[in-house]
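The two complexes that follow have chain A in common; it is paired with chain B in the first and with chain C in the second.
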Partner chain A sequence: MRLTSFLQSDNFSGWAFILPYLIAFVPLLLWPFIQGFWMSLHEWNLLAVTFNPAAKEFIGLGNYIRLMGGDDIGWSLQPMWPFRLVVSVLVVALYVRSLRRRAVGYSHHIMAGLTLFTTVILLGLTGDWYDTRFWIVVRNTLVFVAWVVPVTTIIALLLAIALNREGRWAATLRSVFFFSQILSVTVVTLIWQLVYGVRNGFIANVLAPFGIDSPNWLTDDQLAMGAIVAATVWWSVGFALILFLAGLQQIPGERLEAATLDGAEGWRKIVQIIVPSIIRTVQFVMIMQIVLHFQVFGQSQLMTQGGPGDATNVWVRYIYQTAFRDSEVGYASAMATVLFAFMMIFSVIQFWVTKRQES
Partner chain B sequence: MNQRALPRWVFIVVTAAAVLWMIPVVWMLSLSLQPNDLLSRTTANTFLGLIPVPFTLDNFRAILSIGDTPRWFMNSMIVAGTSTFLVLATSTLAGYAFARIRFTGRRIVYPLVLAGLMVPEQVVFIPLYVMFAGWDAHNSLPTLALPRVALPIGVFLMTQFFKDIPDSLEEAARLEGCGHARIFWSIMLPLATPMMMTLAIITFLYSWNDYLWPLVSAQRTDFFTITVGLAKIQGNFAQSQGLGQLMASGVLASLPVIILFLMFQKYILRGIALSTDK
Partner chain C sequence: MRLTNTLTASALALCVTATGVQAETELELARFFGSCDDAGTDVSAAVGEACIIQTIINAYSAEDNGVTIETLPTDWGNYYDQLKAMYAGNSAPDVHVIHKSSIAEFASLGALMPLQEDDLRAAGINPDDWVDRARDAVTYDGQMYAIPMDIHANLWHINMDIMAEAGLVNDAGEPILPSSPEELMAHAKQVKDATGKDYLTADFAQFPIGVRMVLAMLWQQDSNVFSGDKATVNTPEAQRAVETIVGLFDAGYADPNLNYNDSQQAFLEGDAAIQINGTWMVDVYSSETRNDDSALASYYVADYPQLFDEAATWADSHTWALPVTLQNDPEKYEAALGFLAWLNDHNVDWARTGHLAVRQSVLDSAEYQNLAHRDEYSNTVNIARDNPPAARYSAIQDVLNRELQSIWLQGKGIEEALADAEREIHRLL
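Entry: the complex of A and B
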């Protein structure tokens, strides 16, 4: 009797229902996550540990110091000063402007604070870094994100505004722009490597009749990053487009009509009515893309192998190389943990943005 | 939806952009349908190579009869199919429990599972690799399929779905003495079919397109998925079997997702909108 009532209790059913999922979740996500942090505290060589499980050594934060530390660390105004000056002034101006309009929230404080901290303090740091390559790949990743996210957002936003209407034609065009999104990264890189090909690439074929030689898109250190960015924008516009279309659907029709009656047309309507109405969606989509594109790997791995030199090497690819070419899984785990911490900052901002959206 | 007509120039610009957007894919398809010896001379034969004249199916015939491509394709089918099935099974059960059963501990376990949404593959792939290596389990299809089952997105979607079902539907069954298993099987699952379709399609898509995990886990060519196989043959671009066959492999690798896209575009769009709505 007691057994049957236990078997019918909510406690038993509840745990029985979630058990199959937990059997996957605990060993294949929760545990590896903890294990990754644990590994990052060790000098851990993949090959050595495979032959002798005792060959790992606990070194505390040693990997993190090796990754981010350096000798003679100082700070100065000089490095990249024009860039830092422009960005800082821009951020302060925007912040003061929204303060005046009383339109400031958590996300504004945090974004302004983070950007200022990065431009003024972090970019001013100088020193002999222990791992100079790490800073190169971090910079490349930031440059990649700084290009892909705004370009994708602007293209997707304009397309969404143009295609937010009924009818077959708009529906077909929406599908066209969304289509590239569903291809795998290896198909995208296959196509674009050929498009960029020097001898028989599509761009080269188009330029040939004009007697122009195609530049070496993927092996020129001035062009390679741009080439990867363009392919990525082509790949990922569809995703932002879908979310913007969903956001546009929620603008009340009266607001648009009222604006039209007031004589707002074209650009003025877009800038003054439409964009402010979906500004939350725009923020949300941009943050999602930032988190997503920080994890870029395939494009760099397959199109340029990180080259020329390290010009297009990115964070995840450096992790991959360190773990699977150099077998230093402890050190690679430290890099992965720092990457995760970095993405967490944006996830937290996203959480705040969504919270404010609901309230 | 905005009913007003587009200004003519916007219409033209957007249409032109769409044509431009399609060129890379159309070109891949067209090259895969042209003979290899022609492509070794020029890739711009008829109208910049966008029209497959002269036309041939030899490239597809070749990759289907020799080489590893059919095997990789089957591996991908098995891996994506298995993970889709397991994701559906585990996440409908867990979603029902989190949404509708009041059991001790759910207030701790559910947030923990949700926190897992923030952990990307790139952060756990090294420890996962070391773990499976310790079990000597690499180069096997289950190892390729299993890590995806742990991702919480399915549980999240199903929990949200089951939360919105009105209690009245369940109460009648409860009064007749039905237990949770019965309610789940005969009331909840039939209601959840469209949601399960959405989940199945996006899981299959993401699994089919996954690159990082099969890249590190499968080192033997026999166990490559089509994404990794395609990555490998494009690596030695010049000495590969020829451009036409390479492009045919690319088309073949995209075929299942293209079919899914053509048949179920609505579900894919819904899946993306819902899964970002956390």
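Entry: the complex of A and C
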């Protein structure tokens, strides 16, 4: 009797629906994650532990201290001051504006607080860091994300608006732009290495008749990151494009017509009508990309090997090198856990933003 | 796991008995050197590292010896990461190639099978035939862990047409090479003035050829990047070595931005007089002289020139090792030893790539001595040098590569970069 009522309860159907996902999630994601965290609390050499399980040593938070700690830690206004100043002023201005409009909620307080804490306090920290390379790869990864995400979003949005129409040409072009998305990172980097090749590359061949030497796209310290960003934008624009097209088709035709009758054209129509109508899609695309591109690896590994110097070395590549080349899986797991925390922050922000809009 | 294995094995055994085919021992093999499509089994016709090694493997597999070898797909750049992951996942290949410089790391952690001299002799390998340097290459802490296949070193690959145009060829038809950093700059200027071309090209941007040049110039001054557990990178000798190379870049006699492929193309298209690269290119470049599309018509190979007090060039060895897990599988162990003996027998074929042979009997043979260009770099075997074994050698090399790149590609000060490298390497020792 009790069993029958349980089988008919919402509780049961709820569990039944998520069970297939849990079967994959628990052993393939949750368990390895817990194991990874456990490893991060140890001094753990990959090969040594394979041949002698007792070769690991529990060191508590030692790996995290080695990763993020330093000697003579202080605080100063000076590091990156133009960037910190601009962002701080911007945040305060936005915050004051929403206060005036009385459109301010929990998420506003927290986001403004977090951003100010980061720009004023965290970015002002100085010290003799134990692992200086870690901060270099963190900065490179942030720069990479800060370029790829907005550029991809804007290009994909404009393409989607242009291609959101009937007709054979639009359909063909939609497929063409989506095509890059189905390629693996190996193929993408191979294609772009052929494009960037200094001697026989595509760009070099285009420039040759004008007597211009090709820039050293992948080995010039000023260009390498940009070259990787361009390849990544090309690769990921298709995915964003499809999501935007789906979003655009949800906009009622009357709304666009009314806007046109009221004289909204070109940029004004895009900024004031189209983007607000699909703002949820825009947010989703951006958050997805932020989480995805924080994990950038293949482009850096295959196109520049992190170079020149450490100019294009990124977070996941540093994890990979530490774990496999240097065999320090404990330390690498600590880096991975910090990366996870970073991406978690962005996911939580998305969660808040979505929830606020629903209420 | 073991139960499943036993069951699978018995099932396989049943199938084999039923069809009346003799059971083959299957060996999994991991190697780098790149891939060779349709390699076949004709060792004598193969050109280049990938095809020569693959035909040697295929030929052994095709022999009626009860052993089949499966070559695992591995990638050059990530070979050691993959190998380590295979070991960590308890699925190490039954036989694999490994550099001399990596033996210390794998052997010190107990991953490699110690090889007993009696077993090698029983399989038909005579370790007494190996030159001392080769025997040292496979020995770690007094124990043998691999069999050597070659000694490979940095050479100067030379386009003689450009050298002749610049007046850098002597009456005997040999290139005139520098004997001091000052002369190096003078020759470079001579080439630039006479031909407008770069004096030398190499991958200074990604692959650690630049590191190997600096190391050679350190050894030539009786210095090194570390001794014992002390890093000695920031020294007057290292500054002289780096300044010599940077001098070429600053004067426009060499381009630091070219990667491996670009620098190779620059040499083949006749845009640089000299390429600095390893012994593995000798076979490839000498076959390119017969290719009408290539601007390389007259090719010469030279020992790395002595620019300072003594002669030295960077060198390493390719060797073959077995995983320690083969101890529990006598059948595979025997099959793997048989294959190692086959490789040892084909030492002269492998030497065709341009690498130096490791067996005295091969070095003395007419077949070896008649190989193309061999007499031009005969002294390399005497000046080949390497760092002492270090468990974290690849990480050390990476530090040097990064800091040197930051000097010539990012404009970092020489002293600052060397000091940073010294600090990081000190931590790794």
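Methods note: the second predicted complex is superposed on the first by the 310 of 359 C-alpha atoms of A that agree within 3 Å, B and C clash if a C-alpha of one lies under 4 Å from a C-alpha of the other, contacts with A are read in each partner's own complex, and residues count from 1 in each chain.
Everything below uses one rule, namely that contacts are C-beta pairs under 8 Å (C-beta built on N, C-alpha and C of every residue); 3 or more make two chains touch, one makes a residue touch a chain.
It should be emphasised that the depicted structure is a prediction, and the values quoted were computed from it without experimental measurement.
After superposition on chain A, the partners chain B and chain C are seen to clash. In the superposed pair of complexes, A:200 makes contact with chain B and with chain C alike.
Residue contacts after overlaying the shared chain place A:324 against chain B and chain C alike.
Residue contacts after overlaying the shared chain place A:87 against neither chain B nor chain C. By the touch criterion defined above, A:347 lies against chain B but remains apart from chain C after alignment on the C-alpha atoms of chain A. In the superposition on chain A, contact is made by A:332 with chain B only, not with chain C.
Contacts of A:46 after superposition: both chain B and chain C are touched. When the shared chain is aligned, chain B comes close enough to touch A:295, but chain C does not. Looking at the superposition, the partner that touches the larger set of chain A residues, chain B or chain C, turns out to be B.
The residues of chain A shared by its contacts with chain B and with chain C are 46, 50, 197, 200, 301-302, 320, 324. Residues 77, 80-81, 84-85, 87-88, 90, 105-106, 109-111, 205-206, 256-259, 261-262, 265-266, 269, 324, 392, 394-395, 398, 402-403, 405-406, 409-412 of chain C touch chain A in their complex. Of all the residues in chain A, the ones that touch chain B in their complex are 8, 10-15, 17-18, 20-22, 24-25, 27-33, 35-36, 39, 46, 49-50, 159, 162-166, 173, 175-180, 182-187, 189-195, 197, 200-202, 205-206, 208, 234, 239, 242-243, 246, 249, 256, 260, 266, 284, 288, 295, 297-298, 301-302, 316, 319-320, 323-324, 329, 332-333, 336-337, 339-340, 343-344, 347, 354. By the touch rule above, chain B contacts chain A in their complex via residues 1-4, 6-7, 10, 14-15, 17-18, 21-25, 27-28, 31, 39, 42-44, 48-49, 86, 89-91, 93-94, 96-98, 101-106, 109, 112-113, 116, 118-124, 126-131, 133, 146-147, 149-152, 155, 179-181, 184, 205, 208-212, 216, 227-228, 230-231, 234-235, 237, 243, 246-247, 250, 253-254, 257-258, 260-261, 265, 268-269, 272-273, 276, 278.
On the chain A side of its complex with chain C, the touching residues are 45-48, 50-52, 197-200, 216, 218-221, 301-302, 304-311, 320-321, 324-327.
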